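Below are structures written as structure tokens.
Next, two complexes with chain A in common: one pairs it with chain B, the other with chain C.
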Partner chain A sequence: MILGRLTFGLLAIAVLSGLALAPFWSAARPLESLEALIGATPLGFWLRGVHAFSAWGFLLGTVAHLAEVLAKRTERRLRPIVWWRSVALLPIAVLGLLGGFLMRGDAEAQAALAVFREVSATVPIAGRALGALLLGVPGSDLAPVALHHAGTFTLLAWLLTAEHGGTPFPDLRATVLAALGSFAAAGLFPVPLGPPVAPDGDLLLGPWYLLGLQGALLDLPVAAGWLLPLALLLAVGLARHVDGRARAALLALAAAWGAGYLALTLRLLLAGR
Partner chain B sequence: MSSRRDFLGSAWAAAGVAAAAAGTAVLGRALSGSPEPERYVRLPAELLARAEKEGGLVLEGLHVRGPAASPVVLDLTCTHLRCRVAPIEGGGFACPCHASRFDGEGHPTSGPAKRPLSRPRLSPDGAGFVARLS
Partner chain C sequence: MFRAQALLLALLLALAGLLGALGRERQRAAAVGRGPDRAGGKVERCVTCHVRPEEDPGGAHARAAVGCSSCHLGNPLAFDKTRAHAGMEPEPGAHRSVTRTCGRSGCHVRNVLGERERAIHGNGDGCVACHVARRLPGSVPRPHPGVDARVTDDRCLACHAPPAGTHGELAETSPAGSGSASAPADAPSACRAGADGHRFAGLSCIDCHLHAELMGDGAAKETSRVEITCEACHGPVREGGETTWSEIRDPVSRDLLRQRGESREPSERVRLGRRGTPLWNLRPSDDGWTTTRKGHGVALATPSTPVDARHDLRDGGRPACVSCHAVRAPVIPAL
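After this line comes the complex of A and B, so read on.
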């Protein structure tokens, strides 16, 4: 499937551009280092844009490819364990991207870090430990976040994508296409940093792919931050194992989840105006 | 009647479970780290005088106002999900993450936060105070 190959190509571009960005980023002074990259390094703003757009493209491609597989009912071509690992690619992609967002170190990223820490703390038994493992202990710098962003989640994303696609590397044509798309988007649409401190009274927005969860947390208990995504993953994953009405019900649940998520995103955007 | 092999097998299984439980506990303890240490913020007399004159100011995550001799200090950490709240025009505080609002005394007035902003303990320190956040 062309969408799957293109998604793998986008991941490759995200990895390569991330490697190029790594020497410019500082865990102790994240915002200042990125401001220097954007403002004082030739093509720095463009390189950061390439990284952002290719990573966002990877997430969108993963979601779209998952929907494509379910729509064409081709998930049973994969062994059950491979299917579940492919479904796991979705949260891994989101966590990887979230790490990149936190690495900005601006007011939006600091707020997201505090929220992510509190949400992970509501996971029973291992929550606090999980938060410390992924985000470091409160007061530490962003080195643990960077480690998981560049190491753990990137490696897992590559392994699972390669397993799903049956090839360790993306094909050349898809990679060139992904590169051209990312290069053009980065040139056309600058990716700005947020303010260093929150403007008085204004709402700070998290990464665009988590706005629905941010909107949900206006009313729902904190644990909704992980229970809602888990419900979606279970619905999608279990769809491979059932037929007929049960499968239709699970897919309807996933579609309703998506619609609700969009509605919550819109609600948050309206609240922030 | 159980054989020696059965007994050894059970013993190994029990030892494995105990080792896994101990390992998990040690790992969990190591990963959870120590609780956030107490933080102290000095509030010298000059700063308190300025806070009184200006009607309040923000210092290291605290909002300080009121008479310099008996200041009112609020911790600006939102009680919903620990984002940093900010003073807003007309008095009170707003959380930028989920739109919780607090009045000038730190009591929640709207949004998901249900508990008031905390007030650090103040101890005299020369002509000023030291605020202790825990």
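After this line comes the complex of A and C, so read on.
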């Protein structure tokens, strides 16, 4: 499928641009290093934009491709274990992108780091250890976050995408198209950084793809931060194993989840204005 | 599969994006300041642009020592003006942001948060009302006024001027320093009255008034905050109104002395305000006490209350000093 190939191409561009950005980023002084990148490095803002847009494109492509597969009922072409691993690509992509957001080190990133530390702490038994593993211990620098962003989640995303697509590398055409699209978006739309310190009274917004979850956490217990995504993944994953009304019910549940997520996102955006 | 048209469209879009990026790159390069980018041992990109000497407040708050963002907030890491000025506080020390400016951790934190906010409540607009030099008519305009603890009278009188002044009884608020014979008959009494001895001696408001009564001591007061009394300087000193520096725990007084390069022997006597704040500029001398003018460092002999019949009215208790010494008070005939 074209969408799947393009998504793999976007992942490749995200990886390549990430490699180009790595020397400029400092775990001890994340925001300072990024300000220097976008403010003092020729075309640094553009390179950062290429990385951001290709990564966002990868996430959007993953979601769209998943919806495409479910709509065309082609999920059964994959063995169950491969299907579940493909579904897992969605949270891996989100966690990878979230790591990139946290690596900004600005006020929004610091707030998001604190929120996700709390969310992970509500996971039974291993919650705090999981949080320390993924986000580092409180007070540490962002090296653990960067490690999982550039290493763990990127590697997993590549492996699962390659397994799903049946090819270790994206094809050249898809990669070129992804690159051109990312170049265009990065040149036309600047990717802003947040303030170093939270302004008084302003609502700090997390990454755009998690605004729905942020909106849900305003009203729901902190554990909703992982229970809600888990519910979606289970609904989508189980759709491969059932037919008829059960499948329709699971997909309706996933669709309702998505609609609710969009509504919460809009509510938060309106509250933030 | 991807068609050639799709690739061509993407190519055109990418070219447009690259052109946009090059345009923004040109703007970025032109906007970057050329000054140093560090101050006070940290990255402070404000000073890449704000390089003029008159933009430096000098003193303890000198640009090279604390940079700009320590007081003015904003984003000291940013290179472009818009991002650097986002969230900036043009008036550091104002109530709205004092906990993030003057009262931030590592600076002028003396009390816990709630107490500090209460402490400065009512003093104009926070710290700046007193501690930033005012732009007086006729003075040379300066982008950045000085910031200091030597509060000059013009700053006090900006709020405590007649007729709203609180010092009519001593006529110390007379703008000209002495009474004006041409003042209209319905002018406030302080304007019509002559200046008293304090004014003639060149004393400023802060020479008598203590930091604790001006900035508060962390506790809300239902009545007057004024600590200073006539007797504290002139005697007879009340019971417990005098001690030695070994007993003084007030960190602000010690900071003020340190800033002036002064120190006090632990055994040196010191007099106290109503609530125990030391009058650090009142010092014992061979023939009594001397008051040092805080703004100029000039020491003045401080007359003691005479021991005579006029001042020793033990039977009915002595009336307040201003009952007789106010310029408006009727002259008491000699006994």
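The criterion applied here is as follows: the second predicted complex is superposed on the first by the 273 of 273 C-alpha atoms of A that agree within 3 Å, B and C clash if a C-alpha of one lies under 4 Å from a C-alpha of the other, contacts with A are read in each partner's own complex, and residues count from 1 in each chain.
As a working rule, a contact is a pair of C-beta atoms (placed from the backbone, for glycine too) under 8 Å apart; a residue touches a chain by one contact, two chains touch by 3 or more.
The model shown is predicted, which means the values in this text are computed figures rather than measured ones.
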First, second, both or neither for A:Ala132, with chain B first and chain C second: first
Which of chain B and chain C A:Val222 touches, first, second, both or neither: first
Touched partner set for A:Leu230, first chain B, second chain C, both or neither: neither
Partner chain in contact with A:Leu266 - chain B first, chain C second, else both or neither: neither
Partner chain(s) touched by A:Gln214 [first = chain B, second = chain C, both, neither]: first
First (chain B), second (chain C), both or neither touched by A:Ala114: first
First (chain B), second (chain C), both or neither touched by A:Asp200: both
Residues of chain A contacting chain B in one complex and chain C in the other: 199-200
Touching residues on chain B, where the partner in the complex is chain A: 27-28, 31-34, 36-37, 81-84, 86-89, 94, 96-99, 111-112
For the chain C and chain A complex, residues of the former touching the latter: 1-2, 6-7, 10-11, 13-14, 16-21, 24-25, 28-29, 32, 43, 45, 73, 75-80, 83, 86-87, 96-97, 100
Chain C-facing residues of chain A, complex: 2, 31-32, 35-36, 38-40, 42-43, 45-46, 49, 173-174, 176-177, 179-181, 183-188, 190, 193, 195-197, 199-200
Residues of chain A touching chain B in the complex: 107, 110-111, 114-115, 117-119, 126, 128-130, 132-133, 137-139, 198-204, 214, 217-219, 222, 271
